[in-house]
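Below: a set of structures, written as structure tokens.
Note that chain A is present in both complexes that follow, paired respectively with chain B and with chain C.
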Partner chain A sequence: MKNLFSSLNFDQQTIVTILFAVLFVVFAFWLPGFTSTGNLLELVRSVSVLGILGLGMAIVVIGRGIDLSMIATLAVPASLVMTLAASGYHPAVAIGAGLLFAIATGILNGVLVAYAEIPALFTTLAVGIGVAGIGQSGMFEYDIVAWPPALDSIAWIGRGKIFGLPYSILAFGVAALAVHIFLKKTRLGFFIYALGDNLAAARISGIRVRPIIILQYVICAVIALFAGLVLAASAHSMDTRIFNLTWIYDVILVVVLGGIGLSGGRGGVMNVIVGTLLIGTIVNGMTILNVSYQGQNLVRGLVLLTALMIDSILNPRNEETAKQGDI
Partner chain B sequence: MKPILEMRGITKLYGKAAAVEGVNFDLMKGEVHAVLGENGAGKSTLTKMMAGVVQPTSGEILVEDSVINIKSPAEAVKIGIAMVFQETSLVPSMTVAQNLFLGNEKFFNRIRGVNITAQQFMQSLSFDVDPTQMVASLGAAKKQMVEIARAMLLDARVVVFDEPTATLTPEEKRHFFDLVETLKGHGVAVIFISHALEEALEISDRITILRDGKHVVTDKTENFDRDRIIQSMVGRELTEELYNNKKTVARPAGERILSIQNLRAAGVVRNNSLSVFKGQVTGIFGLVGSGRTETFKVVSGAIKRNYRNGGEVYLNGKSVRYLVPAPSVQDGVAYITEDRKVEGFFETMSIKANIFLGMLTKGKSARFWLKNSEMDQVGDTWVKSLQVRSVSQNAEVIELSGGNQQKVVIAKSLVQEPDLVIFDEPTRGVDVGAIAEIHEIINRLADEGKAVVVISSYLPEVMQLSDRLLVARQGKVVEEFSPIEATEEKLMYAAVH
Partner chain C sequence: MIKTISRLRYKYWPDHIFGEILQKSWMETAVPLAVLIFTIVFFSVQIDNFISPSNMSDNFRQASELGFVVLGISLVLIVGGIDLSVASIFALSNLLVLYCMHVWQLPLGASVSITLLGGALLGSVNGILIGYFRMRAFLTTMVTLIVFKSIHDLINVRVAVPISSNFPDSPVWDIMGYGSILSIPTAVWAFGIVALFSHILLTRLRPGWWLLAVGGNRRSAYNIGLPVNRIVALSYVASGVLASASAIFYAARLASPGADTGSGLEITVLTAAILGGIRLGGGKGSVMKAILGTLIILLLTNGLLRMATPAGTARIILAMILLMAAALDIRWFKNRHKAVQEMYVSPAYLELPHLPEDTTAPNAAFAPNDRLKAVETIGLGMIEAPEDVVLDDYDNLYSGNRHGEIIRFFAPDYQRHEVYARIGGQPLGMTFDADHNLYVCVGGMGLYRVTADREVELVTDETNRSYLSVIDDSRLKLADDLDILPDGRILFSEATVRYEMHEWQTDALEGRGNGRIIMYDPKNKKTTTVLRGLTFPNGVVLASDKQSIMFAESWKCSIKRYWFDGPKAGTVEMVIDNLPGYPDNINVASDGNYWLAIMGMRSQVFDLAMRKPGFRRRMAKQLPGDEWLAPNINTGCIVKFNEAGEILDVLWDMDGENHPMITSMREHKGYLYIGGISNNRIGRLKLDGVDETFVSSGKYHVG
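So, the complex of A and B:
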């Protein structure tokens, strides 16, 4: 299997890009209304939040971690911002409070993973449930928090259009560019690749690995907050029960499908973009085809499994450096 | 007498390197056969092939004259070959009796019945172990008894002991020798791998010596003495030209850079004290388990902080205690690991990126933004200076040969401009051509006035490189030699005794 892939000299990114192109063409020919401007804009809009989340997840996965608390940090801090703004605080104060909340969540994740050495999978699952619980147990009056008029000054991040393109896709673009520059052009980004590749070697080379692990979860949480604000602005509200949905699996799907190996140290922003486009197209196509919610979940599950399988074939775990409890 | 087990022309390749090469070995019924050799001579690999843990690349294994293909440890047990490892494979939270019958329980498993059977069985072997005791509460010697009993219960005809006495106290050792006698009395053939030459001389009937994966000699024990064993273990022809220029002039000691006093760590470093000086190579020779690596991992902060139990480390006269490697790197210590794959290089990165990363971790050059041009320039400089050879400019490190990988790991540390460079087994798994180049690098560093430490279990290497030779045994440095007076026999003697 491995020989097949490597002899064809395809990496996962290329495969997924081709798959996306093929699927797009097929849908364009066979699905009525798929290529209409309205639908394409809807496709782009619907994937941009997923894409932004994927960027945060990508940073953590490159550092050989995983963050299952992203949806909770998308919903709760963003709702906090809206609640505070609605009750009369200045938008800057409200956003500052949300930012602090997100950063605190990231630090909690990072400290537990880096210092207590609890596997990221369980740490972030527990923290996510906890954060969602804090939100649901009385922080907000209703499950659904409405976008307050006080925040309309920044509502453009999810609503407006420029040259016919929705701002949310531009938000994705800006986030992608920022993450790309961080990962490829800064020392800290380089270090994240290093410790994702080989934590022990990174440590012995003199990198302070634990603060960097914390940093990657903090960045991830801040990106989740950003995604939350974009989502809330475009939907005019935030449903804090969103944590109960299977969205986090879509985020992982985007990252893994795009070709960022769960074994760490590989991939970049392009992989997230490609993964997002493919998932967006599949979901959009299924919606037009009127596939039931259950049917869609089945397809997603199959695609995720396939992606994980391809990942473990293309990026096999290094048995010598893998630890028990590694994701 | 016919051998119960025979190996003919056995070869085991790991990649291109042969761990065992064309070895012939035979084992008689009821004999104790000691297998001796230096670290990496292939003793463990040889016995692992008998026990089905690894598969030979070529050659055949015969059990009672019929060729057999042992595919797994389970199959080996079925044939009657049992291996007792250094670390026991018992389940600590179960009782002795439960461990004995583990995997062979009856469908209705009556604890009382099991205990009685176990008791009777232990008595028949005259092993003094209570079958209802928890394995976790047993000492090392009794655990070994349980392992042996389990092998006997499975009708083992061949029992392989890998370093059985390493964890035992002197009294326990005596008891172990009695056990071996008992096994012999039951007609079991015993293979005994050890570092301790005296033990081999004492309990074995025959001795086989391996060197560099090749068979050197097999003979009756009464025909051996210490000197003959050591000579067979260390004598080398193969790499003669590489190692035959014996040191005649040692570099003088410069300023004292490192002083370790009464260091205790990780259970294997016991009251270790030593000093390292600038401008010379300090060689540390010792067998595995002598605490050499752990001592220097404490110096560099690479060892987990709670493994350090006491003692002082002075760097440039200042008492230091590094909890992680980062601050030691800032203070000019470079530890170049013995296991480059696990903690040496970054396999997904290019050669240049690996080297550049080393530079980025050191204070002065630490800046927020990266410059690709700087990476290319730093990478090119070091690739040239250490003669790293690769197929393409942007090759990933994983594609390089062992020697070139090692050079990348060395460059990654040297780019940090350290004052104290610690090489742990610098030429392990390195092709012969690159060995000379790596030795050249080590000598160059000492000539530049840096303090260099070379830890090695390869005698000719330490003898050739060192200006001062320290021998470690059982967690501390026990003797110091000047390279001019040292001989392989003297060093080996100090390391083993």
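So, the complex of A and C:
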């Protein structure tokens, strides 16, 4: 089986790329308005934010973790930035405060995972609920925070266009390049692969794994804040109830479908890009088909289940390094 | 003065109890119970009427509904998984049972069956994916949570109106919802029955043990042949059924097809289970813990609600409690054994009489000599750890070994040997009765008998439990030596109830009275403890008056005499109180006196340490076990003493070449046979001028 795959050079990334191409062509022929400029720009815009989030998630997943608090970290610190800027603080101060909030969330996640040794899924689920709760309990006046004029100096990250391409896709590109360099060209990135592959071996070989786990969640939270700003700039507002939505599953889908195994230590930025394109196309197609919100959730859920099943077959958990109670 | 205080403190302050309590399995339930009591007290102080009868009845009704779901998720947690989809299964089941009752107007029994079946089906989706496809429980059930929820939302918009516009005509349905039986809400009855059954399942029935086994160690469970995949899958089915059972009572009470039914339920029940002390990661958990957790979380959420906490803040509090409970749970389980180990060893104050400096001077009682140099060796390299030796009527020689076997060396030259019987454990003291049955004290197992036909039989492995002992001391941990009384009863020593055989050094370090003398009566097969609080009781021998025994207390370096019959029955007298070494087995000599093996000599340092319990406690906490002080057991001797406690004879081997270490000796027809637990041989020494027909076992007991 494995030989067959390798001889045909059919790795997951290729399969997903082909799938994306097929789906794109099918949609282009069958869906009215799919190839219109407006829709393609909408596709690119939604894909950019999803892609940026996918990059953050990829770092954590490569280090054998997962971050379910990403959507809360996308909504709440970004809204904090906008609220502070709207109430007269200098944009730099506002962004600094949001950054601190995001970093604090990342550190909290990281400490609970690395030192308290609570499973990452569990930690980030609870931290996500907690962060969203902070957002709900009187930090903002309304659930939907509008983009303040004071921040218009940076609004180009989500709105402007250059050579006909929206800046948001550029933001995704820059983030992708940065994450790629971090993962492949720096020692810390290498360490993340090492501890994702085999935590015990990484520790024995002298890597201080706990600070790196914390770093991984901090980077992820900062990326989430960046994605939040891009999203808010392009949509002119931020809905703080967003964490309630099932968006996080899209992010996980991007990572898993792209070919970054949940067992850690494998994959890279290319996988995220491929996964993003596929998911973005599916979501966009469903929107055009006017599938109801619940219907979309159902489809996503089923696709994710299939993806997880394939992942558990392609990347079976290593019984030697999997921890007892690793749910 | 300080010495007296120290002695009194260590005599009366029960240090050892803390470690023993910490080791108890009910400790894990005690913590959530304390949290529950704290929650009740906190909210009763904060809120008026928090514990009013009507409020309590309402609370219990809700608690039972919640309890079903918590019980379900607990079963899944015990198997090592997690089930977040319970919230959506709950919501879907709510719709299903309402549709059955309200729209289809089915009879109650049919509606309930259909709903439970529906819950089982939804649960089996999780079960198949996680059990058979071995997918990750957390992500999988999170996705099924969304999928089921989407299905629920899609259905809900179509069925909400028909449900709300029809009403079932079923009085039983109403009683299920808000009725009471004997003034206890119906839901509480139902939950009570299910909880009781689950408790019996988990503690008494094989399928329950399988759940715990798979959760404890999946690979081992697989290796012993359990159908791991099926067990995992079934736990999710059970969780689905219990979630739908909960939904039935919820539906009967509220009859509401709300869009947000059960939203956030998964977090609530998960928090309840973790707070109750059900371990994330499997292998541990009980129904009691699930119930405690449910009550805590229900009181907490109700209390927060009545204190008018904003929804966001309540969320934060819940999330924080969940994380704290999980962190405590994980850290505690990781470090528990270390804490117990540190707490468990609790040295006591033991003052030995001062050892005269000239004990082993040339003219003193224990003056060294080389009389054991003449020992011939039997079975050199063919036996390991012969603690005790015994001979039968045909002069064959028997000894236990490290592998739990009884080895027989054949008379007359003891060149040939065979495995006489296999028992297991570490055979220690042995003796024959008049009918050629060999009674053996087996360390780690109890008192066993090898019949004349070489059948191994258990004589006894438990005694009566002490009422005030925290640890269960009914099992025999280290039966050591025995003798058979003229009427067939058996008196044997158990060296310690706190440690296993291989931890005897730790018991020596404690120097507490952890041992006891136990009587077995073959007439009614009853085992009773006759003397307790002894410091490592070791050798036991029937005294010549046939009404008393002599026994050695090793770490107290003394020999005592206990009367089991006659006018002095029940009393204990000191025979020798200040031996220069640690006494082991005692046996009779042909001249009516007693042979005593000294397994090692006292040292000033260890004696001093025994008077400094604080020092030994620090040592036990801060140093690894192999660096602790231990009694010296490499040089010893054989002593002959009389009933007055006078030393009559001492045999030494100064070079320790022929027979380095001595734990036992037995006189038989003019020879002394010598055993030593760390030896690879048995020794034999010709005794001059003794009765050459004397035997010390078997027929000796008849005469």
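Here is the rule we use: the second predicted complex is superposed on the first by the 316 of 327 C-alpha atoms of A that agree within 3 Å, B and C clash if a C-alpha of one lies under 4 Å from a C-alpha of the other, contacts with A are read in each partner's own complex, and residues count from 1 in each chain.
One rule holds in what follows: a residue touches a chain if its C-beta (ideal position, glycine included) is under 8 Å from a C-beta of that chain, and two chains touch if they have at least 3 such contacts.
The model shown is predicted, which means the values in this text are computed figures rather than measured ones.
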Superposition on chain A - do chain B and chain C clash or fit: clash
First (chain B), second (chain C), both or neither touched by A:Gly265: first
Contacts of A:Ser312 with chain B and chain C, given as first, second, both or neither: second
First, second, both or neither for A:Ile252, with chain B first and chain C second: second
Superposition-derived comparison: chain B or chain C, residues of chain A touched: C
Partner chain in contact with A:Ala126 - chain B first, chain C second, else both or neither: second
Which of chain B and chain C A:Leu302 touches, first, second, both or neither: second
Listed stretches 4-12, 40-48, 166-174 or 382-390 of chain B, narrowed to the one that overlaps chain C: 166-174
Shared contact residues on chain A - chain B and chain C: none
Complex interface listing, chain C residues touching chain A: 80-82, 129, 133-140, 142-144, 146-147, 149-151, 153-154, 217-219, 267, 279-282, 310-316, 318-320, 322-323, 326-327, 330-331, 334
Chain A residues within the chain B interface of the complex: 184-191, 193-194, 197-198, 200-210, 265-266, 318, 320-321
Residues on chain B engaged by chain A in the complex (per definition of touch): 300, 302, 324-326, 328-330, 335, 337, 341-349, 353, 357-358, 360-362, 366-370, 412-413, 416
Contacting residues of chain A [partner chain C, same complex]: 66, 112, 116-119, 121-123, 125-127, 129-130, 132-138, 246, 249, 252, 262, 292, 294-295, 297-298, 300-302, 304-305, 308-309, 312-313, 316-317, 319, 324-327
